[in-house]
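Each of the next two complexes has subunit A plus one other chain: subunit B in the first, subunit C in the second.
Our next item is the complex of A and B:
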């Protein structure tokens, strides 16, 4: 599974360790996140530093996770690489996802 | 004990055959007797016993020779061989095992000896049972894989048919509607595709066109793209968002692109069960006003190629259809000049990888189109197909590739 999870002060931090969040990985990613959420986490940070490509299936998976969490303020993204930023911009998802430059920033925002 | 397991006892001594044969029968075996290796081999071929107990030392073909000839032959089932021997040294043991014997026993002469033989026969039967179970399992595997192959073939044929039906939903290439020329390129990644494109006259001066890319690919994506192509027609059937019936003259209204997107976004919201969404460009040409209004819901930026100027991207994107309920869509208006062209490519073009994994990228598309002024619209699409085919290196595409090219009159 290309997904690493850790818990920092009760906040779930997921790191995507695949360079591609695409058609091949989207379903597993969705199930992986759902699995983590079922363990009772309500707030999470997704570290996307290793993802340098995302396609529409990957974007769909990310939106589905957001819908599961219910509130963009409780699912923050960090370290988003330029190609993914471009996709967010093209699809206006930059208005939906809340993106922080680093894990620390995202964690600080969730604690606040 | 497997009741009635057939067993062949080979010994040149009539006493052993008599006494041991009687004993083996009393244990429930169906016993065949042979007095020489040659006779035994003959019986094995005819009767196929499951167990052979053979004397090591015999005139003519001895126990070792019999072992070797059995192992060298192809038998319908595994034959378990026990050698009767007076020898108990390691060297003989190795020799016997190399010849293919499974077990050894010193010729039994007393109750202890018979009990040992009985125990060794039981061990042999366990091996035979394991072998049979394995055979049965293999047989089932083969049967299963045959059934799978048949099911796979049937599915492939159905997909082929579905793919052909889907391609029939595409409009004829090289079409001209109210002077506006349309050409397209369509390469599905599998038999069926999540991409769809079309164009149509709406009234005597309006032409509509769209490109759709359903996220993901394969059957689910193609079903949505096919149903969208059925829906998006310039018919006033009360379902299509393209054109609405009016009670007053001119008795119809053409839906602006932004409204088309919003309507589709309302209709096709994803939910927990159904996570199919799509990106789309919808454009509306007014041929008498020489204007184009275009709205983009998350497709790669359309590329506009003015007749006497360099190619550039249009607009700044938009929400895909179906994922954000409150999404607001935008459109832009362009006054076109004669010979201006517009290209809408699915992400399968820019994301098409070469053998090293490098993507074709949107810049290469833009650069190519920038140098394409001298070609006809049809030539541009043919050349683009050639270039990305070459880039990709011949294999099937991972994602659907579709391009709509438009030239304004």
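Our next item is the complex of A and C:
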């Protein structure tokens, strides 16, 4: 599974360790996030620092995870590479997802 | 060197989605010969979406999907062929027209139906026809502001490192 998880002060931090969040990984990603959320976490940060490519299937998987969480303010993204930012803008999902430049910034926002 | 006219053909099995990553990486690196990193990434995105559509919807089975990458005077031309089911041309025509959602209504956000819309957004020209039992797509992406590949290559050569 290309997903690492850790918990910091009750906040789930998931790091995607695959360089691609694409059709080949999208289903496993959704299942992995769902599995982590079943442990009772209500707030999470997704660290995308290692993702340099995302396609529409990967974006759809992210949206599915957001629907499961229910509120973009409780599922923050960080370290998002320019091609992924570009995909957010092309699909207008930049109006949906909240992106922070670092894990620390995202954690601080969730603690506030 | 003037790369205009250079061409290369890539093939992947039509029943092997895992090969799409390899194809996308190849296309991005080819596009970097003509475009900057952002535009090359857009070409990669468009081709990954197109090949995913081919595998998932045209379902060419174990026949090959063939992608021909060509450098043109204005940018790149890409020809994509598969032997799967034909596409309803109205789907291509309509793609992206109704791309609208309320970003505050999380449960109504779309999770699919983005592929063709993205292709049309990032490529300058997209055409499709079904001919001799094959789906044939042609995609074009041009350099910005009417620049030509030959002048870009000259500029690159003349730029001090």
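Simple rule for what comes next: the second predicted complex is superposed on the first by the 112 of 112 C-alpha atoms of A that agree within 3 Å, B and C clash if a C-alpha of one lies under 4 Å from a C-alpha of the other, contacts with A are read in each partner's own complex, and residues count from 1 in each chain.
Here, a residue touches a chain if its C-beta (ideal position, glycine included) is under 8 Å from a C-beta of that chain, and two chains touch if they have at least 3 such contacts.
Source: prediction; values computed, not measured.
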*Just from the overlay, do subunit B and subunit C fit on subunit A, or is there a clash?*
clash
*Pick one for A:46: touches subunit B only (first), subunit C only (second), both, or neither.*
neither
*In the overlay, answer first, second, both or neither for which of subunit B and subunit C A:72 touches.*
second
*Comparing the two partners subunit B and subunit C, which touches a greater set of residues in subunit A*: C
*Should A:82 be classified as contacting the first partner (subunit B), the second (subunit C), both, or neither?*
second
*For A:64, select first, second, both or neither according to whether it touches subunit B, subunit C, the two together, or no partner.*
both
*Of the two partner chains, subunit B (first) and subunit C (second), which one does A:107 touch, if any: first, second, both, or neither?*
neither
*May I ask you to decide whether A:36 touches subunit B, subunit C, both, or neither, giving the answer as first, second, both or neither?*
neither
_Touching partner for A:11 - first (subunit B), second (subunit C), both, neither_ = neither
*Considering each complex separately, which residues of subunit A are in contact with subunit B in the first and with subunit C in the second?*
23, 53, 55-57, 59-60, 63-64, 67, 90-93, 96
*Quick one: which bits of subunit B touch subunit A in the complex? Just the residue numbers, please.*
213, 215-217, 270, 272, 275, 277, 279, 298, 300-301, 316-320, 323-324, 327, 347, 351, 359, 398-399
_Going by the contact rule set out above, which residues of subunit C touch subunit A in the complex?_
17-18, 20-21, 24, 37-38, 41-42, 44-45, 48-49, 52, 56, 99, 101, 103, 106-107, 109-112, 114-115, 117-118, 121-122
*Show which residues of subunit A lie in contact with subunit B when the two form their complex.*
23, 26, 53, 55-57, 59-60, 63-64, 67, 89-93, 96
*Mind pulling up the subunit A residues that touch subunit C in the complex?*
20, 22-24, 53, 55-57, 59-61, 63-64, 66-67, 70-72, 82-83, 86-87, 90-93, 95-96
